């Protein structure tokens, strides 16, 4: 028997780690991974809430989040590749101009 | 009632189509095509109007043609519907008939003008609006026409817009009319507020239930006076007449059509149309009578001293319009409309003839430069002579019948005999200055510089207005309308318009207590006595007309040096009259100059520059500063964006927690 | 009891992975940490009865998305992270507000009455999930297929060699 | 108490399975060398033991005793972790493979499988898909362009072929109606028309799916004709160029263990698992299914070796084009037809 709040706290911790990664990491790929971490944290809370309310739609939502994450990864990584091609860096602190 | 379908909606629409065709495509048309289009559509409108007249026997008045719904707001409805009774039928015939004739005339008159297509587009547009005004079923549609003719008038007065004076005259007409329209609009608002409708039949039905405001004044009086303000603007009555003389800057056919025959009479038409309201507001009616009488006299005196042939006619128009209002003011609406009709004939004729004179003299308008033209342009002379006699009121010409009707009614049912007396005086002055015009133009020696028509082929007048050398008779295209109008001026008086119009005003008059009294007292009991009185009045009016003519003959033919001596002896008075009583200067000093000063110093420099501009500039600057400050947020650094995002999320969550706690 | 122990064990792995993701300076280490987090999360899903979600989590997230990440890291040969001071705001504003956020969240979660969750209290087997997905959520499901299609096209366009498009753009 | 027995049984089963698997791996290597040798008209290993049967042991000793070189320019943590990752995932997936019906031992009903999970097939797929990390990371951490190319090729290839592999299995899943591997085997029991076994390969056009699976499996395990990641002639040895000794042996073990897993899966999904003619005394009845199972797996692995001996290697772009433009659409069509047939029949 695990209280729901444990799962939520775990989810919150993971989410906070993701935000922290976004705030502190310089590498754009790592930042992107932090986003994935946040999505995973949210997924966990979806599944936890699904368990609490006995509604499978919570788990269905996770699938949609995954689909979005997959699409996002495909496009995002393509963007990262083209950014790297044009700027020769993956450091977001150096990628602060829209126009070269 | 199975009245035939009159296709009333088609009558205004045809000129609109003509205007659109000429306006949009006229530039690439040949002049013949333009003229053809304009004449086709205005002629078709005239034919439709004729068809209405011919089916008169089978008509039951008022005939209402249901139009389309325009405004629906709660219980307030306005339809685009058309309304026909004897009154609008008379107007319809005048507008389409005279309008069509002037269209024909204009083809000849304007042939050499570059803006040929533009002119006819405007002219057709004017026809459209004027017909809307006449055929409207309610005050709002009438107001559309009312504004529209103002617009057309503005466009046509400023037709030669490269000329400063023409552009200024157009603006003057437009702005002066706005003052009148303001009164009209307020009257409409009052009607909506108190009667809940603008529909003629509904409004009059409600009004006829109200008691006459004989002792007190109230809504009806207010509406009446405000309507009169509107009419004064449109029909050039005191104190808003000042635009009409200036409007003579427009081409002469315009002066004939708009500023003599039709548009300026819209005010008279409107007052007559609203007679149900005026019948119950004696105070308003009195105002109408006083304004009309004073205008008639005032404008006539100015007319004496004018030297510009068109200006004389313009003041004459103002004066004659005053007559019409005088008639309306003594509740003799049918007499007013009768005069309106005859006036349309003879004043239209006079303007066209003066146009012909000007045309013959290649643009000369000053009568002092004319003289002795009788032999050179005989057609013009004879038609103009007919017009002059008609306006002077010499039987059996048209003007006599209508003017006499007005004077007789003013005498018999007016509030005071002074009105009649002033009317008679005006008739005398009218006769005088009209014959002065005739004598100065056509008799005596030619005083102008232009060579006479016989030698025209080697003249030096090529650079002048119409490109013709010498004095020459106008083309047939211009003379035909002149002749037709001359015939109408001669015989128009025999049309018994008052009797025809009687049903419109009769029914109302009987319902009204005040009118009933007048009717029973004068109309039935003392008919025999009235006949003799009327005859005596007719004699007196003919007498003053002949007297005026004689005086003119004495002063301008027999001893031409006398006017100068008289003018000298009168001195200041003459100068005053000659300068139109300095009314324009007075308005300028009292109204326009302070207005401009206030606009400049207070509205422009104070409010616009000092307040509005400051507010706008300061807010723009503040926006710019705020943007400059906020720009630092947009550093392009992804991580700082994330920080702001996190801060925002924290704030939102804090708020939600706070909400949850409370 | 066992449930709690397993929860705590896998939770600890999760958190350790997440923290390691932050601490590692090399993106490939971070990626591996994230894979660990995802695998542990899959275990948590199993504990919650979401068996199918767990399987898909492993196949899609760990097996596909993260492979893509690793692939890109390898392709770009991303090295150690640079230590650049690009933004003070991230440090001065972001971290405090994140702490505030964490405190608020924890407070809100723990001060709210919540049920305990049993293993298998809600069983997300493939059949049930499939029925839901293809009946009640058919439209969103089909829309996601469209989303994926668009993402594929976008990725192809973005990652394709810039030569062809650049010559068109510059003139 | 039953908890501890459960644990005990599990440990015994795991140990047993590991032993069998590793032995099998060793002898598959021997078999391959032998068979390929015969195909290439030579003897293969003959010196160590009769028919060279002890050759695997000798190889093992050699791997263990050799010096474990770690080149100086590699990214060390990952370089060390990569072979471990590869071998761990390769060995893990065998845990879900059933190889026979449950048997009663000491009064306990023991299924011949380490663990039976409802979503067994999915988890096997998940673990297989994790296997790519070992190769990719090895290639990258070696800091060597050949290794790098090998790793990139491996990851791209495995992601691409995983799609058609997964899709080819869905037809079977539709027919069986379960993810459980045991359930899938059960659904293939019996005969139709009296003599054709109800194996999936003979049912509902799944022969197409079988060949898609076969092709994808070669690619997934980086075997000829799809062994581009290691392609000796192009990339020296691909992702394991820099590896030596036991680390190299780990990749080797992982590869062959994966082959076994894939062969087991093929047997379970398409060839009816342990279904086969049963006869003889009760003890034989117990042993026979396991025998049938191992025979089928052996046949499959023999096919692997046979193909290796006969087929040339493809070019890399041919490989990708084949996967995306032919196999994937084909598996989609197969899936649609299967679904349609099942729907019509139902």
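Letters A, B, C and D mark the chains in the order given here, with residues in each chain numbered from 1 onward.
In the analysis below, a contact is a pair of C-beta atoms (placed from the backbone, for glycine too) under 8 Å apart; a residue touches a chain by one contact, two chains touch by 3 or more.
Treat the numbers as computed from the prediction; the structure is a model and nothing was measured.
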Chain whose Cα centroid lies nearest the overall Cα centroid: A
C-D against A-C, pair bridged by the larger set of C-beta contacts: A-C
For subunit A paired with subunit D, centre-to-centre distance based on mean C-alpha positions, whole Å: 33
Between subunit C and subunit D, centroid-to-centroid distance (C-alpha), Å: 29
Inter-chain centre distance, subunit A versus subunit C - centres from mean C-alpha coordinates, in Å: 5
Where subunit B and subunit D are represented by their mean Cα positions, the distance between them in whole Å: 104
Residues of subunit A touching at least two other chains: 19, 23-24, 26, 92-93, 96
Where subunit C touches two or more other chains, by residue: 52, 56, 64, 68, 73, 75, 86-87, 90, 94, 98, 101, 105
Residues of subunit D touching at least two other chains: none
In the complex, subunit B residues that touch subunit A: 635-639, 642-643, 646
Interface residues, subunit B side, partner subunit C - complex: 635, 637, 639-640, 642-644, 646-647, 649-650, 653-654, 657, 660
Of all residues in subunit C, those that touch subunit B in their complex: 86-87, 89-90, 92-94, 97-98, 100-101, 104-105, 107-108
Subunit C - residues contacting subunit A, complex: 3-4, 7, 11, 14-15, 18-19, 21-22, 27, 30-31, 34, 37-38, 41, 44-45, 47-50, 52-53, 56-57, 60-61, 64-65, 68-69, 72-73, 75-76, 78, 81-87, 90-91, 94-95, 98, 101-102, 105-106, 109-110, 112, 114-118, 121-122, 124, 128-129, 132-133, 136-137, 140, 144, 147-148, 150-152, 154-159, 162
Subunit C contact footprint on subunit A (complex, rising order): 1-10, 12-14, 16-21, 23-27, 29-30, 32-34, 36-37, 40, 43-44, 47-48, 50-52, 54, 56-57, 59-60, 62-64, 66-75, 77-82, 84-86, 90-94, 96
